[in-house]
Amino acid sequence: MDFTLTEEQRMFADTARALFADTVTPDHWRRMMAAGETRDPARWAAIVESGFTQILLPEDAGGLALAEIDFALIAEAAGYVALPDPLVESAGIAAPMLASLAPDHAALADPAASIAIQHPANPLVADADSAAAIVLHRDGQAFVATPDQVRLVRRESIDPFRSVFAVEWDEATPLGSADWDLALDRGAVFAAAQGLGLAQRAIDMAVAYAKERQQFGKPIGTYQSVKHMLASAQVGIEFARPVVHAAAAQIGHRDVFSRARVSHAKIVALEAADQAARASIQVHGAMGYSWEVDVHLLLKRALALTGQWGTPAVHRARIGERLFTRPTGPDTTFAREYDHA
Amino acid sequence: MDFTLTEEQRMFADTARALFADTVTPDHWRRMMAAGETRDPARWAAIVESGFTQILLPEDAGGLALAEIDFALIAEAAGYVALPDPLVESAGIAAPMLASLAPDHAALADPAASIAIQHPANPLVADADSAAAIVLHRDGQAFVATPDQVRLVRRESIDPFRSVFAVEWDEATPLGSADWDLALDRGAVFAAAQGLGLAQRAIDMAVAYAKERQQFGKPIGTYQSVKHMLASAQVGIEFARPVVHAAAAQIGHRDVFSRARVSHAKIVALEAADQAARASIQVHGAMGYSWEVDVHLLLKRALALTGQWGTPAVHRARIGERLFTRPTGPDTTFAREYDHA
Amino acid sequence: MDLAYTPEQQAFRAEVRAWLAANVPAEPLDHFDASREGFEAHRRWEATLKTGDWGMVTWPKEYGGRGLDLIQWLIFEEEYARAGAPGRVGQNGIFLLGPTLIEFGTQAQKERFLPPMASGEEIWAQAWSEPQAGSDLAGVRATAVRDGDAYVLNGHKIWSSRAAFADIAFGLFRAPGSERHKGLSLIFFPLDTPGVTVNPIRKINGHVGFAEIFLEDVRVPAFNRLGDEGQGWHICMATAGFERGLMLRSPARYQVAAAALADLWKVRGNSADPALEADVVRAFMNAEAYALSIYRTASALIAGASIGPEASTNKIFWSELDIHLHRTALAILGPEAELLSEPGAHDWIDDYIFSLAGPIYAGSNEIQRNIIAERMLGLPR
Amino acid sequence: MDLAYTPEQQAFRAEVRAWLAANVPAEPLDHFDASREGFEAHRRWEATLKTGDWGMVTWPKEYGGRGLDLIQWLIFEEEYARAGAPGRVGQNGIFLLGPTLIEFGTQAQKERFLPPMASGEEIWAQAWSEPQAGSDLAGVRATAVRDGDAYVLNGHKIWSSRAAFADIAFGLFRAPGSERHKGLSLIFFPLDTPGVTVNPIRKINGHVGFAEIFLEDVRVPAFNRLGDEGQGWHICMATAGFERGLMLRSPARYQVAAAALADLWKVRGNSADPALEADVVRAFMNAEAYALSIYRTASALIAGASIGPEASTNKIFWSELDIHLHRTALAILGPEAELLSEPGAHDWIDDYIFSLAGPIYAGSNEIQRNIIAERMLGLPR
């Protein structure tokens, strides 16, 4: 029993944070919004260069064959900058699924290629237009297509960096049965990890503002109402993070216990993100309600991720299944299905 | 359309407040708790003297034939002192029901007699032991008995002033069909009115304490966390009171609209009481958690009343029926069933 | 207490309903903060309202009103919201400044400013905040120097709603050297006066709902000062009372939204989280409670009472109910909550984003809770 | 990261489980705050625990412990809670003072105080608060005057848990004339020392969980001072860290309560509000999250980290989850929530009342939020 991260995991996370800190500044956000863009080619090249697109791919597909907990730390760093580019869905969910079904697919051979995924939990497909391949879903079976083989209808998300599409298609390359539950688990746990990053960024921005902004002759950060709002939001993060990390570490169990933990992570991490973003907007006052201060990007991303990869209700039902049909109590915190079979 | 109280109504309420301020002081509470008593004969005599037991009785039963809104103001004053004696249930619910079924019953002839009532919404009967008559319920029919004609099994409530009994009985005097829905409406709206009083008392006690108690060199009432906790509780009261008063004024409509309003009043007034009592305990600190400071009496009464005369879930369902099956919108605030028949 | 409308009130409701049914545009207008076109379309709607004398029904007839009481005003608001009539682009004028003008203005000022306010010929922006004076409004630094029959204004205002497209603004200006609540005057300045520069600011939904205003030696007639010189703080607090109180946020809009939420639940509830039904019911309860509270206040005002610090409880209640209501809608919409609406559909996500401004503007809810604690409950400063 | 127990850890769990199964009293004991009899019954249980060397498994063997690590302590706590074993009447000693004594005590102090603490022969009360020093602990006024090899104590302590029946207490005393955080010393005083008067105070459930303590010229040996003279505040903060951190509230009790809540739901859910299922699930989630967080902290401590201001997040989280969990149970119980339990049944109402103390004691949640804001987030004082 050891709940600490390895040196290697911390290094990976540091690398990701440093890369994103350089390449996703508020200036980048604003330039991209002004131009209506949702990807940045130079940034994507740096991401590919760092190997982040290949973390979860098996070695025979040229990947690093690392685990979900490793990728979760990168997703958390991506959340901290509300990363516009499709790293998390492509490298965290779509690529590993495609690799499990069609390891020789051409899109996997190019580390710079992004892959999109249609999933029954999501009505729309993110970044389908710029993908080298789209993994498709029909009646439990998986298919694959390129964007020009399907009809894409763009819908407007409140998140200016989310490029989402209704995908209509008649024919595509069949890939056989696929593990859509595992895709959901990965989608949920990486959304949760992003939620942690979004939440911490929102608080960090609010703290910085509250130290500077003066009202009634002193920084607003000296007022208890501001302190307590942000402290409560930080409590939310502190008790979401261990759940997210445990969920990522246990995802491979693929049983009712691990699925409940993934669901728990998804619910509380996005709640933490929403709470922190709203607190941050309130602390920023009118400034927080303006387009010029970027805290709204965090709020909107948290809002979008809350509904994707399983709504809170879907995930609560999975936790309920574990709670009401399996043993409970303090000796079951790390239980696995076969322990009780 | 006039949402103000009449001069006469305000006078009644003032009389009640003055009477209770004199006869239900913290000293009275503590003496009664030490003695394990739930009624005070001298106080009851003063209540009877003021005519409060006869407000809702018809004139031919010696009553004042006033309306529920009049009695609600007295119930609010009773809540402010967590009145131990059975005025509200006896004079507000049981006596009017008995008067509607058996206007010549002996218990009604004596203004000092208290009457208890068994109702399908409540598992137990309050103050059944000291009642001159107990109105009983079986299969929608009403019966009446004296305490010695039934078997009373005392149960312990967390509220030291609530004397509650399981009532077992084989035979009693039949009174025919009764309007149990009207009894529920009265029980709910007067519980709500008591909730307003409980809530305001809890806040008043906390404000008084927060002005006196010093920490870190100044009164704790200067801290925003204390201010905002109490301000939020006060908001709860301010937006419960108009609902309670409207519910009491409209109870006679006896339609799906008026029942939804009664239910609304019951839910929010007891929520306000609970919120205010918990805030008051927190503001009092360890003092609030001790038996010596009486704020716990308010918390316990609020807790007991929350479950009696319909739980929040029961009342929410009644509001749902109104919301989902009747017209909604700003022109329906004061709607009555026949308006839309 | 009598909670039934009189026959006269019922007849008035019927009159309003009939007029609106005949006059409300069939197609929704572009939002008045979204574009100049949207703004001007709303101004034309105000002119249409004027043809029926509906600009501000509580005002005296000589200023474009109908001289009605607050209950009738509430009935008008109810029918207005029920009809889905356009938002009031003139709200800074008719709901905020107007009542203050009626209370503090001279006869000449009322004659000059009220009729075009009621008709939409002159649309008002507010200019309360400055970069260093938000919650701490007494920290305003903009100055007004008397020069003969005129004032010369200098300073920097921000978060001025409607200022991007409006005609005229009101704001607080201080005598040079004065401090805090003293030396402030409430002064009007047309936004096309030489020396005024207006820079629009986008809200988080992308609309230009705000602007910052730079004033450099802006010369306005002394006639444009409301009340006495140095009385600005007092007047401003009266205006804030209206803003937090029953004028700015009439209950009808929440009742309409709560009804729309119930409709959404009827359509989508089967495929949504069943636990959300409690929130749908709660949203309805909140809207009802707010309406009942405002009716009670209106009755008390008609009976001669005045609004005190309890207006701050209104601000907190409506802003929180608004957020809760829209969050419930988003939760029902689930994975589709993030999507901007298709044309003609209820725009839940945009209304949610708008609701987040509620606890911030018109005095943040933190300030409101301070006011309740100190002035209603008597806790020490 | 490896979230599986080692074979050794599993064997340890089995050992604990077997011992508890053989030794936990079949009938629940009277609460230790309810009566002297209940208190002494718990002391006897501590003696029984001692026969298995289970007094405080993390302590060194020479002081009555087993020298185990924090993961093993958590496993012990899990099995202890799971077995429904009696509450720890010695918690002020073993969880609060003990770790501080191990860090700051002399060899002689450890030998004198730890073994009877681990065995229950000497039961400790805490004496932090004074009438004017609650949240503001640095406001204590009780004094300690050095007189040769002794201290003479004077003052008035209050809200001392266990003091009604305990043997000895620890508290802060100041050098006369010193102020605030300076000049304080942490000193132990047996409650039967001449000059000590203990007046029990009833909690809102009627139990005598607190006492106030009057000290009049109470003479204790200088040996009873922990750490250096004047170092009391520093030591006290270390103790508070344990109190807010993982020691005082091990997660197992909440997991047991959450499981009981799920059982209550299975039995009564059909006749309760269906919306409450979400709260039952939430209570389980909260208990799990708290357990995971404590496992993470324990792993970090084993790896050499130390507990900082984040301990304050623990205090807030467990106190709020405890209240939420019990409120959910009361809501499920509906009209029967007010009733004290029948013998042998889970006492939801009494546990709810107890939970309300959580946000108050061991530093109110308001103080904890200040600490998080100032020391974790770096906001200005």
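By letter and in written order, the chains are A, B, C and D; residue numbering begins at 1 in each of them.
Just so it is clear, a contact is a pair of C-beta atoms (placed from the backbone, for glycine too) under 8 Å apart; a residue touches a chain by one contact, two chains touch by 3 or more.
Which chain is which protein? Per UniProt: A, B = Acyl-CoA/acyl-ACP dehydrogenase; C, D = Acyl-CoA dehydrogenase.
Values in this document were obtained by computation on a predicted structure and should not be read as measured data.
> What's the chain with its C-alpha centre farthest out from chain D (Acyl-CoA dehydrogenase)?
Checked the centroid distances; the maximum from chain D (Acyl-CoA dehydrogenase) is C.
> When the contacting C-beta pairs are counted for A-C and for A-D, which pair yields the higher total?
Counting C-beta pairs in contact for A-C and A-D gives the edge to A-D.
> Could you grab the centroid distance between chain B and chain D (Acyl-CoA dehydrogenase)? Build each centroid from C-alpha atoms only and quote it in angstrom.
39
> What's the distance between the Cα centroids of chain C (Acyl-CoA dehydrogenase) and chain D (Acyl-CoA dehydrogenase), rounded to whole Å?
About 53 Å, centre to centre.
> Multi-chain contacts in chain A: which residues touch at least two other chains?
Expected reply: 223-226, 228, 316.
> Touching at least two other chains at once: which residues of chain C (Acyl-CoA dehydrogenase) meet that condition?
275, 277-278, 366, 369
> Touching residues of chain A toward chain C (Acyl-CoA dehydrogenase) in the complex: what are they?
Interface residues on chain A, with respect to chain C (Acyl-CoA dehydrogenase): 121-124, 155-159, 162, 164, 214-217, 220, 223, 225-226, 278, 281-282, 285-286, 288-292, 296, 299-300, 303-304, 306-308, 311-313, 316.
> With touch defined as at the start, can you tell me which chain C (Acyl-CoA dehydrogenase) residues reach chain D (Acyl-CoA dehydrogenase) in the complex?
Contact set of chain C (Acyl-CoA dehydrogenase) toward chain D (Acyl-CoA dehydrogenase): 274-275, 277-278.
> Which chain D (Acyl-CoA dehydrogenase) residues qualify as touching chain A in the complex?
1-6, 9, 13, 71, 77-79, 81-82, 251-252, 255-256, 258-259, 262, 265-266, 277-278, 280-281, 284-286, 288-293, 295-296, 298-300, 303, 310, 313, 316-317, 366, 368-370, 372-374, 376-381
> Once bound in the complex, which stretches of chain B touch chain A?
Against chain A, the touching part of chain B is residues 223-225, 228.
> What does chain A use to touch chain D (Acyl-CoA dehydrogenase) in their complex?
1-6, 9, 69, 203, 207, 210-211, 218-219, 221-222, 224, 226-228, 230-232, 234-235, 238-240, 242-243, 245-246, 249-250, 261, 264, 267-268, 316, 319-320, 323-324, 328-331, 333-334
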